[in-house]
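The structure appears below as structure tokens.
A, B, C and D are the chain letters, set down in written order, and residue numbers restart from 1 in every chain.
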Amino acid sequence: MIQETVGSAKTRGVASIGRLPKINPVFFVLAALLVAITFSNPNFIEPTGYMNFLKRAAPLAILAAGQIYVIVSGGFDLSAGSLITLTVVGSSMLLDNSADATWWVIAVMYAVGLAVGVVNGLVVSYLRVPSLIATLGMMITLNGAAFMWSSGSPRGYLPETFRFFGRASIQGIPLIQFLPVALLVLLVVGFILFWLMHRTNLGRMLHALGDNPRAAQMSGVPIERVRIIAFVASSLSAVTAGILLGGFAGVSTDVGVGYELQAITACVIGGAQLLGGRGSVPASIAGALTLTAIFTLLNFIGLPKPTRDVVQGLILIAAVVLATYRRNRAGGT
Amino acid sequence: MNTKHPAIEMRGITKSFPGVKALKNVSFSAHCGEVHALAGENGAGKSTLMKILSGIYRPDGGSVVVNGEERHFTHPLAAIRAGIAVIYQEFSLLPERTVAQNIFLGREPTRRGLIDHKAMNDEARRALALFGSAHRIEPSTVVADLDVASQQLVEIAKAVSLEAKVIVMDEPTAALNEAECEVLFGLVDTLKKSGVAIVYITHRMPEITRLANRVTVLKDGEVAVRFDHVPEPEAIVRAMVGRDLGDFYAEPAAPQEIGDVVLSVHNAGNERLKNVSFELRAGEIVGFSGLQGAGRVALAQAIFGLSPFTEGEITLSGKPARFTSPREAIRAGVGLLPGDRKAEALVLMQSVVDNGMLTSRALSGLSGNANATPFVSAEAMEKLLRELDVRAGSFAQDIKALSGGNQQKAIVARWLALAPRLLIFIEPTRGIDVNAKAGIYHLMRDLARKGTAIMMVSSDLPEVLGVSDRVLVMRNGELVAAFSRGASEADVMLAATGEEAVAA
Amino acid sequence: MNKATLLRRPAWRMEQCAPALLLGLAVLIYVAIALSLGLTRFLTPEATVSILNRSVALGITAVGQTFTILVGSIDLSVAHLISASAVVSSAIMNGDPAMMVPAVVAVLVMGAVVGTLNGLLITRLDVNPLIATLGMALIIQGCLASFYGRFDGSVPDAFQYFAYGEVLGLPVSLIVLALLVLGAWIVLRFTRFGSNIYSVGGNRDTARAAGINTTRVVMASHIICSLCAALAGLYLASRLKSGSPWIGTEGAYDLESIAVVVIGGTILSGGKGGIWGTVAGVIIFSLIDSIFNLAGIDAFAKQVMRGIIIVAAVAFYAVRSKRIVA
Amino acid sequence: MKRLLTAALSAALVAGTAHSQQLNFDDTAEFDRQRTLLTAKANGPEGEPWEQYYGDQMADTAKYKKPGPYTICFSNAGVNNAWRVTGWTNMQAEVKLHPEIKELIHVDAEGSDDKQIADIDDLINGGKCSALIVSPNTTAALTPAVEKACAKLPVIVFDRGVNTKCPVTFIHPVGGYGFGIQAGEFVAATAPAGADVLMLRIVPGVDVLETRASAAKRIFKETGLNVIGEEFTEGDNAKTKSIVEDYLQRGKIDAIWMDAGATAVAALEAFEDAGLPPPIITGEDQQDFLVKWKAEGFKAIAPTYPTYQWRTPIIAAVKVLQGEAVPGPEWVMPQPAITAETLDQYVDAKMPPLHHAMCGCEKLPDYPAAWGGK
């Protein structure tokens, strides 16, 4: 008994950061992929190489870091992709190339994101509609709303002040030469989401809620509030991703299409348990980077798009099979 | 009937799970027309042994012999076909299907390839008739609309209707009140007479005395002892835990230990409760007895805000306390340990510490440090868990790996961290082995000594009488009687069932 | 004994007639709009047939999806499978009536293979069905895309009888759908397999303990679902004369089929619901389309309202339940 | 297992292809025909290309003549991209010029063949339509529905065609080869010999886009340009930019050829962000590209698939119903490219970024507000 308690004291540090038994395999996979990319394209180790890669991966990584909140709480957020579209289209409508409006437009977009998250959360919590359906409905609605707002195609330019976040870089930094603003945003958002998920009461309550909602309720967890916060985290991260994507590539109508599934894929590659109870923000970000690395590698190798689809499908399934296998081996019965 | 061979014989069964040796060279048999009781602490290997018998697990070593023929079941269906039926401890009914559909699950009667619903309902009605006219369960009722006791009876009817040669009953009385138990015992007698071999798993000594022909006690995956007769209960208990149980229940509270009124409920009610009035005082343990569905759990849930009172005056330490959510109740100092730990208390994928700290974290600020809540820090929680003697390889491991008793203690720790004024225990020792039971009882008493008012809802009458300072009895949503310590089982039963029961 | 142990009277189970109520509401709105706009010719029997005929492909797919959802699974690969089967069938037929049978057989075999693989992934490798079928969808899409542009097949006129033929004034396709629904109803209500689907969907462990081969039931449900998708693909090939590789995804048959099934009252976690609810769901969707066309609402506004309707319809069932959902 | 699956599926698909012949997207005769048309003189009023046509074959419409006012029905494949939005706006404005049109009934198929077939069915059965305009979502798929409609009322098809001659006329610009030729020849003429060309395409398998690519490839081959890659962007800005970035990391790009210009600006930005001068580029008539072109003056051309073709079906429908002859069974209209010389005519920073400048809409009612301009 004494020995056991000593053991437990030692492992407690691990316990507090999401209790990954070992280092999550996604980090090894990511490292291996980056090495492979470097071999196929030596320029990748130049700052332009990896910084471009990180800049490009930032929106998906942020989206995955938000999506993991909903996944850990036991649900899905399918509306994230359409919220990206709405953010880009809406910003272009409101801004119409006037730089002065940037800040309030960004504020409005975050307010829209907040509202979307709250509505998703309310519908799931109080109307008891499963999140798969609730956010599917939201996805269709937001897509329609984006089109309705713009009558089919966005009607304004995004000024450089808005595009700064997704496009610009801070120059003249020693060692790495330059730092894309998008990467900075990822670091800040990633840290906040990491801290909330793995250091605060909220994070533990999210895990409890996804693990066993009834037990969470009977233990005093404000389950409705926690669930709403999970959806809000996802929605706000989607708005952030939208701002970065709009910045990176400018206005278009179907920016967000498919991003929700990619974000869920990233979380799954990062070892998240679908239907709740287990998941990590850093691993989800790593999952997003892994997914982007795979696409980049396939690009470099010159594989055609169809192959990329197949590879993504296989990796998705393989990641889950592997995670299940590990869990079964580690988990006893 | 072949009397030369036992109906079933398990020889030298060995089974390991990763890291655990669950069964070591266990032999067990049951003859036609006998009740063979299988006793043992939780985790002793009873359920694993029965899961091997029913084909859910495959043994690593040893053999299963049915009617003198060695069998290797690869699927539960094979066991069922061989005449082995199991009534599991956890309900295995589908709530959205009808009684008849549940009874004939996977073997619906068909005519020309199509299910014959009428025949199925008729057959089901016949199986249910075994319980006499008292339980008129309509075969076309959806199971979710039945009360718990009726559900358990459906479960038993399901096994009986298989016309099995061997019936395994895994704690069949766990959800039944005494009267319903008697119906079940009568049924066991009937089955025994008709030549069925019955394996009866239970913690309750009176049931062994009442029913068994032979008793096997498992301990740590091995056969501790086998009696070819029914010995004194003490002998069985000794074999199960390996020591005497002199101080099974803790000392009751002395009068001076009972303090001020903590909870006062006056003329309270909701759709399941009528005109309930009582008081709970600091330092006392009050047991609530009654039949299933009498309203004891509903009362606990009403106090806890889960299905709130709609009328009446409720005060907690003098302040109005008609709570509308558990969170509100918890904030005011009420805690509740639910009867179904797995469904309502545990977050299985999280660590022991996380489980212990859940409520403390829930009541703290959302962005507060998870390892240092105002109520308890992670270090303090570990200390508390150690004090409660929660046994785990590490408190950072997932709680699902712990035994029932240790899980329950971790949940107790959850509430202790908040120092509640009132703690409600529902079936505090359900599924917990004898040894750990005593630990829980003493823990409850210690809490009371420290000034907590304790409300205990239990279907285990000896437990209620042994633990409580006062016993309140409910019937049909009303409080019908109050006894001080020293009441007899008969008194309480009479109050719980009312006069009609005497006639039945 | 006493009242406490007596049967509680089963509460009137509202959710059982909810699909009918929703359907009634949709019909009412449709009729009201048609009358108020003076468009009575949209209320004739022919118009009714035409409304129903709108959603044959969705209907066929949804019948299959009902099986997977009832068994507690889900299939996101149907849309891509529909594309694949439309493309493969028209490529094999390539205008030659003699190739009709081989093409139909090939497509159904392909459906069975995909269903089997989905089932294997879910049962043997224990992959979450959403992920398994999403992965499968990507794989099919990839395989299909690598053959983009190589398809110039078209179905022979004879094959178009499936989509455009009429028997006794009723479209053949509608009759096929009706037979399929009837078959599904018989399977679900009157066969042991159907009963097992509900059991496995209700609780897999319970079903297994009762001796049901759960693996086989899940596999079979997925195979049925994929076969239905393959049939939907054949129907679309017949209707469109040729198969385009995006026919399934542009109709969003994956999400739409799930939406109509849950609108029909089948719960996502499985074990509860039925084929008639799905039929109601499909008709509701057709009516929504027709209502919007009648009222001349533009496609974007329609999308917005469609999203809201899906959520509202499901909320209509779910809001009274005490279960916490995620 | 997955390999097995892939193999099985591929086998199924290969089995399917065994019988079908390859679609011909590289038709020399058609290539030459369209090349000639690009420089041919069109009939019809000067400066109003939406009324112009090549050739002189006319369709007889006497049998469709009927008194007004007319209800024109339009089955639209969808308004799901900027090009179609501009076009649809053109059409609505054109209707306002015709008092003899009482109503334009518009049904949006939302990009689904199946829905469009049902829509056409509804329109025919509704019995209100004097004439039906169809912009098919897919050529082959819509053929039976159009054939059915032809039996009941005059049908006019535009943009994509159908595999039947039954419509009164099929209105379309020169075609995909023409687009590919204009862009390809510009690159071939501007770039040095042996220059590296990156071909950016939207998706494979779409007929109009395939012909554009095959025409360009033929020219690049003839002139000895080095095609370093052919990538699919799915019309996505972010993907386009990423692809170009990746190519720039590995080597140089002298010219970018695009089969559709929607993402041209994103491709240019990849050069900009990498600190490189803009390449020779072919875009389309989208305002964001034109504005950038005008501002930075790089070497570019913008072939068009003119949105003014959305005006023509209305004009044709009215003529048909009034019994006037229209070009038919095909109405081939000019397909001009915007060049550095003509750029000033089309660039207008007041118009939204995704507006297609070759709309012929400047004199239509409500211009520019209805198109989102200021």
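Convention: contacts are C-beta pairs under 8 Å (C-beta built on N, C-alpha and C of every residue); 3 or more make two chains touch, one makes a residue touch a chain.
Computed from a prediction, not measured in an experiment: that's the story for all the values here.
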item: Intersection of contact partners for chain A and chain B; value: C
item: Centroid-based (C-alpha) most distant chain relative to chain D; value: B
item: Pair joined by more contacting C-beta pairs (A-C or A-D); value: A-C
item: Length of the line joining the C-alpha centres of chain A and chain C, rounded to whole Å; value: 31
item: Centre-of-Cα separation between chain D and chain B, whole angstrom; value: 72
item: Computed distance of Cα centres, chain D from chain C, in Å; value: 35
item: Residues of chain C whose C-beta touches two or more other chains; value: 121, 125, 136, 139, 143-146, 148, 299
item: Shared-contact residues (touching 2 or more other chains) in chain D; value: 2, 6, 79, 204
item: Touching pairs - complete list by chain label; value: A-B, A-C, A-D, B-C, C-D
item: Complex interface listing, chain A residues touching chain D; value: 41, 43-44, 46, 48-49, 52, 56, 59, 92, 151-157, 167, 245, 248-255, 257, 296, 299-300, 302, 304-305, 310, 314, 317-318
item: Chain C residues within the chain A interface of the complex; value: 121, 125-128, 130-132, 134-139, 141-146, 148, 255, 258-259, 262, 268-269, 299-311, 314-315, 318-319, 321, 323-326
item: Chain B - residues contacting chain C, complex; value: 54, 56, 75-77, 79-81, 86, 88, 92-97, 101, 105-108, 110, 113-115, 134-138, 141-142, 145-147, 149-150, 179-180, 291-294, 475-476, 497-498, 500-501, 504
item: Residues of chain A that touch chain B when the two form their complex; value: 1, 4-5, 7-9, 11-12, 14-16, 19, 196, 199-205, 207-208, 211-212, 214-222, 229, 273, 277-278, 329, 331-333
item: Chain C residues touching chain B - in the complex, by the definition given at the top; value: 1-11, 13, 186, 189-192, 194-196, 198-199, 202-203, 205-213, 271-272
